[in-house]
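For reference, the structures are reproduced in the following blocks.
Consider the two complexes below, in which subunit A is the common component and subunit B and subunit C are the respective partners.
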Partner chain A sequence: MTEFSVDAIRKGGKLALSRVLSRVEADDESGRAALDALFAYTGKAHKIGVTGPPGSGKSSLVNALAHHLRRSYPESRVAIIAVDPTSPFTGGAILGDRVRMPDLQNDPGVFIRSMATRGALGGLADATLSLSQVFDAAGYDYVLIETVGAGQAEVDIVTLAHTTIVVDMPGMGDDIQAIKAGILEIADILVVNKAELPGADQTYRNLVLMIEMGYRGTGRINGGHHRLTIATEARSIEPEGWLPPVLKTTALTSQGIAELEQAIHQHRAYLQASGTWNAKENSAIRQTIDKLILKELSENWKKTLPAGLYETVMQSVSQRKLSPRAAARALLAYNSE
Partner chain B sequence: MTEFSVDAIRKGGKLALSRVLSRVEADDESGRAALDALFAYTGKAHKIGVTGPPGSGKSSLVNALAHHLRRSYPESRVAIIAVDPTSPFTGGAILGDRVRMPDLQNDPGVFIRSMATRGALGGLADATLSLSQVFDAAGYDYVLIETVGAGQAEVDIVTLAHTTIVVDMPGMGDDIQAIKAGILEIADILVVNKAELPGADQTYRNLVLMIEMGYRGTGRINGGHHRLTIATEARSIEPEGWLPPVLKTTALTSQGIAELEQAIHQHRAYLQASGTWNAKENSAIRQTIDKLILKELSENWKKTLPAGLYETVMQSVSQRKLSPRAAARALLAYNSE
Partner chain C sequence: MPEKKIRVLIAKPGLDGHDRGAKVIARALRDDGMEVIYTGLRQTPQMIAEAALQEDVDVVGLSILSGAHNALVPYVLEKLKENGQDNVFVFLGGIIPESDIPGLLAKGVTKVYGPGTDTRVVCQDIRAALADRA
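So, the complex of A and B:
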């Protein structure tokens, strides 16, 4: 990647940006070189993860939030990364290219990127991090990362966000309760969307109650030991002191969105005052470095193995003569001789 | 682990089994030794993943299926591993220990294990694989693995199953459609549960249509190139030739469960006839070996670094003077000198 294109991206050229995003998402040599060159300009954007169970209206909320940010801070730019669970499998082929949030498409200060075309399983979080770095370097002030569903992928993705918003809605069943319990721990801000629906107050009260039970139960308020031991590195560095607020919104009419924006900026102020902002950045960087080193170590090691040895050992394991651990030991022992 | 306890487990002692499962889930030294000792007895169990969107009634379906298998094949034993998304965060503390499927609890041929206590993020799939190996070695013929939600974690978990059942239900919204598209690719069998509800026929027709569109669209029928390039190793080795059947069930009344069991055994016959059964086993083993080697390589490498060097390099990256890739290169270059 030439300096020219770094310039073009930094100057706000959407076509140049779009091209680099594609290269970075493909994770090819030119994409990696671009990330390298752009890295010096990163570290400013506020990365905001938005997650929650299906049907809770996350897309609408992201849409309303982006609108509100653009109206309130006309100088700021907003990037949206929509991580679609169809991506690892279908390349989005079944649903086709859904046109999302059409009223934002013509706003020059908004860039929407769908990850529906991402093919690599297990690489969603890495790819999301890389894309958000490109937006960061390109001068986008907010990167909204929307993930559908709730599971490991969401956890991996939200650990790279500074602020995680968990969206819920009234009247979901018992199965959803389980999911809520799971994603409560990762929430910096909780939103009851579709608050105009019957049962919204009940859902709101439940969430407040679960927050209190959950954080007391897992010790976050009383010392935070549980959180420290089970959380990922990125989460474990977060100090005590932030109790997630629960908000009610109706994204379609922008009801409550101003309050949500306020909570986001309060969380940002908290992160910066407590040093967590930098700690989160550094944790993500550390993970990236470690992954790159691991990949290189693995490739170098494989080169030292004589042809056929791996397959011979693998055959013994396949015949249950050797356990996988014994096989790993045998292969490593050969190498160190 | 002594040979005695291997014997105890193989003889069907539930207490001995329960203890080993706990050690294996904790992934401590005794758990690893147990896995090593038990590995020789693995490779027989039929691992069946059951996944789908929240509210689709997966637990009830697993319950009904286990009952049916036990009634139809009284000699067989059934293990159930319920992977709860609350686990990475709360240790299940919020919901407490839900007593699941009470009518199966007293069946000596059924063992139910909840993964709600699993703490390690990112390790769910590994832990599930390890537990299923213990059940396999202990002589369980079927290991039913239930995962809630749909996302990366589910994908990682189901790739270790021989047969993946994706459960859907009538009348879910647009957001769910996206998820369905995502999990269609991993389905060996599709189930419309709660088939007594209005809209079941519509959901059934949609799924049949999506299967046809999806597999044609992604080239599974016409050559399967797309699947081969984007799938994980475990999936990519599956040959063409199996078109996932779509079934209607009402788990609560066991309606359609006999047909489901039939489809499961048809799929098993297909896997065995095509050689995919062994290929799947070997792919899982290969992944395990590779992970063990990678872990060891990484630990050995870290030992060779002089104290403080990593942190010095990290500081340069944190100040944006060095990119993560340049940092990785610098650290690796030191090591190879």
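So, the complex of A and C:
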């Protein structure tokens, strides 16, 4: 096992960073120790989630955006976490997002890490948050996270990212149906990618309309006068909150990417001015602590159970002599005697 | 603790556009439970080594049908070493004349495969190589 060094990672050592990412992903002892040691250096990176249906152009958009960020801010460094699904049948995965990120391959200021879900649902892997923290501690200014994009609402990204970009494209059938199921609510910025294709304007108008309907009565849209103009530019700070802009991009030619970058920065400014940035961070941290407590409690408690007891109780449950709840209570009670 | 996942980078160096073999191998390794990072066509040795570094892979699989293996493969090996990744196994497949194989093995390639390779053999060889290292 590699000796882990906070120093090497903080100094930009890519080998050290890459190996720690693996340990943290595996959630083994050295990975946990590394994460604990690195936590003090986190809290600076802007974490940006990119979600949307497969084929909508998430990877291409991440490519264009990261490339643009590196040009606008040559001093800044960009990390990318690209998540793809693990096959439930074989446990294997093909992680192919790099194919769509050709502009970043020779850029020393960009670090791309592909990740398999390893059984997690919700569009991310269990360790995605931890990996983003490692990048944060390593001094990466932006962490772009591409979710699986399985089509259903991938709400996990919201807890993790400061800014969530939802990508859609023309010709996905009924757009309203496609993104109704919760995905619209999670968007801080909506993108119609492949905007050069026929039907893009229709998709764009549908999204603008849905945003208007969704936010009507929140005070962020006055009387519908802004029907189209609300969407043409990213809203900056408003006292009432953030109105997600709808943007058109063509990732392959970088058309609209400057506007996307601007919207991201406006969202960041909004988050910071409204206190939402800290609130988001804290709620993510709270969730992490709660999860760890549950995990530690149950792991430690299981260790104290007499061997075979769990299986015996389990048998009674499968024979329908006990309900799962009764079984859980019985097991817990046994130990507390 | 789940078993450690085997991570493999499948790359096509140079201007070679024959990508069927690479895709067949990528799928076979996936079906064998490995995590396969596919980087696509037209990769320079520099790009391949950098991707291997960022992805912390155990194995780099190169697929070359263009005849440029003698120029490209040693360069990839060199770059991997430069990055401190000399513990990574390099597997090579494609159209590689018999007479070139000893030289490539001597430079550090673990194994070379030609047309008609049974993908199950590749999976076994990768697992065996990693087991030996452990």
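To be clear about the criterion, the second predicted complex is superposed on the first by the 268 of 337 C-alpha atoms of A that agree within 3 Å, B and C clash if a C-alpha of one lies under 4 Å from a C-alpha of the other, contacts with A are read in each partner's own complex, and residues count from 1 in each chain.
The criterion applied here is as follows: contacts are C-beta pairs under 8 Å (C-beta built on N, C-alpha and C of every residue); 3 or more make two chains touch, one makes a residue touch a chain.
The model shown is predicted, which means the values in this text are computed figures rather than measured ones.
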| item | value |
| --- | --- |
| Which of subunit B and subunit C A:106 touches, first, second, both or neither | second |
| If touched residues of subunit A are counted for subunit B and for subunit C, the larger one | B |
| Touching partner for A:304 - first (subunit B), second (subunit C), both, neither | neither |
| Partner chain(s) touched by A:318 [first = subunit B, second = subunit C, both, neither] | first |
| Common interface residues of subunit A - those touching subunit B in one complex and subunit C in the other | 86-87, 90-91, 93-95 |
| Touching residues (chain side subunit C, partner subunit A) in the complex | 1-2, 4-5, 7, 26-27, 29-40, 43, 46-47, 50-51, 53-56, 83-85 |
| Contact set on subunit B toward subunit A in their complex | 32, 35-37, 39-43, 53-56, 84-91, 93-95, 119-122, 124, 148-156, 172-179, 181-186, 210, 213-214, 217-218, 226, 229-232, 278, 281-282, 285-286, 288-290, 292-294, 296-298, 301, 313-314, 317-318, 320-321, 323-328, 331-332 |
| Of subunit A, residues touching subunit C in the complex | 14-15, 18-19, 21-22, 26, 28, 86-87, 90-96, 98-99, 102, 105-106, 111-114, 116, 118 |
